[in-house]
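Letters A, B, C, D, E and F mark the chains as written, and numbering starts fresh at 1 in each.
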Amino acid sequence: MTDNVEAEYDEYLAAGRIWGLVDRNRIKKIKFPRLSPDIVKRYLAIDDLTTSVSDVLDSLGIDGAVPASYLRPLSTGQKCVGPAITIRNILERKTPTQGYVDKEPIRMSTRDIYYLAEPGDVLVTDTGGDLSISNMGGQSCAVAKTVGLAGSIVYGAVRDANTIRASGYPVWSCGVTPITGKFRIEAIEMNGPVTLHDVRVNPGDLMVADDSGVCVVPYEHVEHVITEVEKIAAAEERMTSLILSGAPISELRPLFRKRYS
Amino acid sequence: MTDNVEAEYDEYLAAGRIWGLVDRNRIKKIKFPRLSPDIVKRYLAIDDLTTSVSDVLDSLGIDGAVPASYLRPLSTGQKCVGPAITIRNILERKTPTQGYVDKEPIRMSTRDIYYLAEPGDVLVTDTGGDLSISNMGGQSCAVAKTVGLAGSIVYGAVRDANTIRASGYPVWSCGVTPITGKFRIEAIEMNGPVTLHDVRVNPGDLMVADDSGVCVVPYEHVEHVITEVEKIAAAEERMTSLILSGAPISELRPLFRKRYS
Amino acid sequence: MTDNVEAEYDEYLAAGRIWGLVDRNRIKKIKFPRLSPDIVKRYLAIDDLTTSVSDVLDSLGIDGAVPASYLRPLSTGQKCVGPAITIRNILERKTPTQGYVDKEPIRMSTRDIYYLAEPGDVLVTDTGGDLSISNMGGQSCAVAKTVGLAGSIVYGAVRDANTIRASGYPVWSCGVTPITGKFRIEAIEMNGPVTLHDVRVNPGDLMVADDSGVCVVPYEHVEHVITEVEKIAAAEERMTSLILSGAPISELRPLFRKRYS
Amino acid sequence: MTDNVEAEYDEYLAAGRIWGLVDRNRIKKIKFPRLSPDIVKRYLAIDDLTTSVSDVLDSLGIDGAVPASYLRPLSTGQKCVGPAITIRNILERKTPTQGYVDKEPIRMSTRDIYYLAEPGDVLVTDTGGDLSISNMGGQSCAVAKTVGLAGSIVYGAVRDANTIRASGYPVWSCGVTPITGKFRIEAIEMNGPVTLHDVRVNPGDLMVADDSGVCVVPYEHVEHVITEVEKIAAAEERMTSLILSGAPISELRPLFRKRYS
Amino acid sequence: MTDNVEAEYDEYLAAGRIWGLVDRNRIKKIKFPRLSPDIVKRYLAIDDLTTSVSDVLDSLGIDGAVPASYLRPLSTGQKCVGPAITIRNILERKTPTQGYVDKEPIRMSTRDIYYLAEPGDVLVTDTGGDLSISNMGGQSCAVAKTVGLAGSIVYGAVRDANTIRASGYPVWSCGVTPITGKFRIEAIEMNGPVTLHDVRVNPGDLMVADDSGVCVVPYEHVEHVITEVEKIAAAEERMTSLILSGAPISELRPLFRKRYS
Amino acid sequence: MTDNVEAEYDEYLAAGRIWGLVDRNRIKKIKFPRLSPDIVKRYLAIDDLTTSVSDVLDSLGIDGAVPASYLRPLSTGQKCVGPAITIRNILERKTPTQGYVDKEPIRMSTRDIYYLAEPGDVLVTDTGGDLSISNMGGQSCAVAKTVGLAGSIVYGAVRDANTIRASGYPVWSCGVTPITGKFRIEAIEMNGPVTLHDVRVNPGDLMVADDSGVCVVPYEHVEHVITEVEKIAAAEERMTSLILSGAPISELRPLFRKRYS
């Protein structure tokens, strides 16, 4: 933990924002630069958002997209954009039964990070893509909504699927399960780098998610990407109107070529 | 087949409740103790049912939950609770084509068990998690509804997905397929122990299923589990209201700790 | 390319129906016999269509069904019937980044085949079941609708899931992704034989898809299959009414036996 | 348990052949007809045994072969032929930790079946292809060798791989693990039907295994199969000598055609 | 089939080099440029061949390596280098049982391509990575050896593992099986482009295989790649001697940096 | 990085033991308590080591064993025991091609940790079980041998399989590949906690590996575990001699019971 984090932790403690399940030396960052809400709005205005973002990341030589084949929205038709805050979990050493027998303290926690978050943040949790152990449930999502998170992207499983769907809070996950993470997983690091399927997320990167999947825009590229995405969106829209109007190939082909060369 | 089953089979035969595709020595149990409908009602009254049940099973050192990652509801938003009746299927030895050529008798059967069932029972079929071969289709579910089953949980695949969804009959399965089980699988045992993913089911156990997955409550724990679940549900509800009302950490933390220690 | 295709290509070129991304020697067939729309209508009239079709294919010793476990509809409740037109894709040799750097031409293409298609055709693309690379997106589906395709069946992934769902155009695929196929896949053959999971499709075969999965009816069996399917459907309907009316086993059993022996 | 088994159990008990971990009503058969050792010898004399056997099973319309891709020999270059004795295991309901805490009795057992076996038998265990839980280890194989078993085929995992390899006792399994089956699996049935990958085994069927995989020859076809296999082997040998002598296509082709038409 | 292939086919037919199971219009190329044996020798002289080749392909932005995790040598310690000849197989439409019943002609074939091959060629077959169906067995490998092939790389399974190992003929495959490809797969194309896992092979490309896996060097890069590989090998050898002699970091680091920047 | 590590890093830098590819703040520990070589010897003296260790871990309620089904030895018949030093890798954000184009520095490194290690240490690397990207090759293993490591356990893939096998240096890995980790993975942390399949490793834990798989003994349990293992080994040996001498069930059963109750 750097000196900064040390001081920030004390500041947040004084402000009543420390839940306290996770040891302070597991928190890598507390304050870090966030994108302006204006940029988030520009992203949210785009249809088929992740596909255009993925195309621009391709042009930058960046692996930044995770297919919904692997990381599915709990409800279709939702969109989520915001800076990443992160938790990385690893498995407990004791079996859950032994944990119960020994009355071990609980070492998984989403609470701790919710109260460190800023409104509009997107929680990203990395439990290695596990399909059986829950990273969060309905009550956890209630906290997330209350503190103003924009959504959660879980490289692992969630529970209380029905309650989460009913709440309208947007969640992407690898799987759904009734099985608690308590006595099973431990939050080993908060606001450090994590991995979604085969894509890396640093805290502060822009998370972008819709029905097609999830994209991670590195913080330093956020403005360039939306500018390019807006150009693509405009070109695609023109193209689509032409298509729907039954325009002949001879009219469509040059526009198509223009975009891809 | 024990003497009991022998006698019960004859009784059911006389009563016109024997369909007759499955040999009588493959039926392990016909009559067995069922839970009172009152207990089923208490389970049905709980929100996020499988997650609370899973937590209590954890405290008992019992592996009893299957994630919806592996065993999905055909329609979201449904709930199903009732005592298990079971079928275990294994693959036929002849290829389906050879079965057709030789006009083999059909050896898969859900019909036989439907007519042995009591209203409120939940059918559990074990075909080893196969994703291609159907265990039951729309017509089979029509029989299930008619005899009053509460739902079906299929460790395998089902067909006629659209008809089943339209019927409102609740089904959980590993997959969906058009391919018949006829000439492919054989009902090797009825009302014996079966396996769902990695969880064991004995006939008479309480099946509990919702959007998060499926739980199996061993018959002997059914009352203890619902009593504990009701306590959890009450505590969670209080906690959630506090969260939604924006209560500070200092108020929430002690309640959280109380539940988990 | 046979002489026929050579001549047909020139004819279509003159008619403005050649998009031109795909080399002409990769197109195996342009004109081929299609089923009469009357037969398509008879198929569309059947409930639980793929399950009955699968049963008749079984009786012919033909492997022709792909479970929805592997090839899922993007929206439930849709049905699609029509003659197959096909694209087979393989991976590009250069990495996508190198493709960008070298400004490689785009070698994937659904455009080319759309304009060769007849209204009512069903596009079948084979990208080996890949879950990450998109075969087509919202704009591509807009073209498909405009030229009158009945649907698309993608042994691979698609993108713009939300736009496709909103359009009502029926699509079955293995997965959903934001990642473009441009610089990743190449259309190596059009209107040649392709594979869906473990089932072969020749151009002109009848594709039949619903919530339970996809069936491929070889061109030469299309009439026989629907005739048998109609018989099954009638028998099933009679059986289902009896079941719903609570008919006793003694009445149901002979009908059941009749169908399967 | 039939009356036969009841009497046979008492006979074996008196003879000191009952180990006693497994309840007697879980044993389906004790005595059943075995193949003559002469037939086993004829099988053992064939090179590339499983491939020829698989070909003959194909001609009978029987699914009877499991690829070594799924069921691997622990050591290459071994061959195993003999009648099947079977164990089916399912998972315990309690977690292993709870089992330890409660001092549960051990419910897995290979001991029980070894002492019921006849020399030359092949043990087949079905634990659903699990890759983590051991079905047997070095000491268990020592018992198997002592009582004269011809080998073990494990649809699951084994442990003490090094000791088993050193002993020369032939074992095929899905995986290798250090993790005991004690407190994890229960022997639910002995000498009943079991499943290997997607192939069914009845006790008394002939197991045939080599580096290419495992075949199951149904008891009633054992003589027919070896007779056909011997014909194939002779034809193949003649063909191979011609090939190695550099015979021209014109000489080879008619022999090839003869075999396959 | 181009005019060239037409003429070459007739030439080979006259020379007794046409086996004749595969229709002539499924053969894309017969004669094509091969690498000089001198270049093959330079490749064979390199230790840890595929890793150096993979590094050079990386520097060219080419996806050309398949891990042995997916494509394993049947025997360890072998190396194989030579120009690719290719077969692509797809599944038969009829079930194998129906194929037997109808006495279908055999449509899989390695024989046809062996007699079209030149000594030193490497056979590459693409059956989509299937783990159950054999692409070739011991007798087929005997033909391969006789005509002088350098090895076979099978994106699928092989049989007669023991005979192949004994023969010393080098084979890489995804799996091992006893199950024949006859009545299961059809050779849909010879000497066209194929796919190994996720890497493309054109006939004439250089195949390079060892214990670490398989690399495909595009024909046009073969000379550049070996020249670079030889430089790497020399540098690595120097580095390794220094390491083994216990040279300090200060001496090793500059050499390491030199290679990678 | 704690103050300790800061000081230790400077000490090692002065001693010429810092390779310098990995930033100092990614190193969590440099000096930590190691087990006495005497204890390592006691472990090495046990046959079927991992199975006995796994049994004792079970009795402690600790998940500490990884099956060889998932983490295989490169050569059979080897054994490895020693304290863990750890590297955790995550994927690079740029594609490998972009890394080449931009001449990125190399961020994977085993060199850095080798020179921080003590003789007898076992390197554990965690790349999430990836089967395609190499964590280390022949030259890296040469360094490992030179500095006296006891072996490497790689939750990921390795390359130069042949050279590693020839060197006799013991390696366990998930897979084998020719593809470099350079420009693909980054060493995100050294000597922090890592995960093997589903088991956690802290630096200083005792790694124990043989043909059956890998076990992790938490540092605090190392002495207790070997003491229990020695008791088991003695009992098993006595049991095995009795078995091989043909002792009757009546003599074996009580010994068997004694061990497990």
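Note that in this section contacts are C-beta pairs under 8 Å (C-beta built on N, C-alpha and C of every residue); 3 or more make two chains touch, one makes a residue touch a chain.
If you're wondering where the values come from, they're calculated on a predicted model, not measured in any experiment.
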| item | value |
| --- | --- |
| Any chain that touches chain E and chain B | C, D |
| Homomeric contact chain C-chain F: same or different residue positions, threshold half | same |
| Chain A-chain E separation of Cα centroids, rounded to whole Å | 42 |
| Inter-chain centre distance, chain A versus chain F - centres from mean C-alpha coordinates, in Å | 33 |
| Centre distance in Å when chain A and chain D are each reduced to the mean of their C-alpha atoms | 49 |
| Sites on chain E at which at least two other chains make contact | 61, 95-98, 101 |
| All pairs of touching chains, each written as two labels joined by a dash | A-B, A-C, A-D, A-F, B-C, B-D, B-E, C-E, C-F, D-E, D-F, E-F |
| Chain B contact footprint on chain E (complex, rising order) | 95-98, 101 |
| Residues of chain F defined as touching chain E within the complex | 16-20, 96-97, 100, 103, 105-106, 111, 115, 131-132, 134, 137-139, 142-143, 146, 157, 159-163, 165, 174-180, 182-183 |
| Sites on chain A touched by chain C in the complex | 47-48, 50-51, 53-55, 58-59, 61, 65, 67-70, 76-77, 210-215, 236, 239-240, 243-244, 246, 248-250, 253, 256, 260-261 |
| Chain B to chain D touching residues, read off their complex | 60-64, 90-95, 97-98, 101-102, 128, 188, 193, 195, 198-200, 218 |
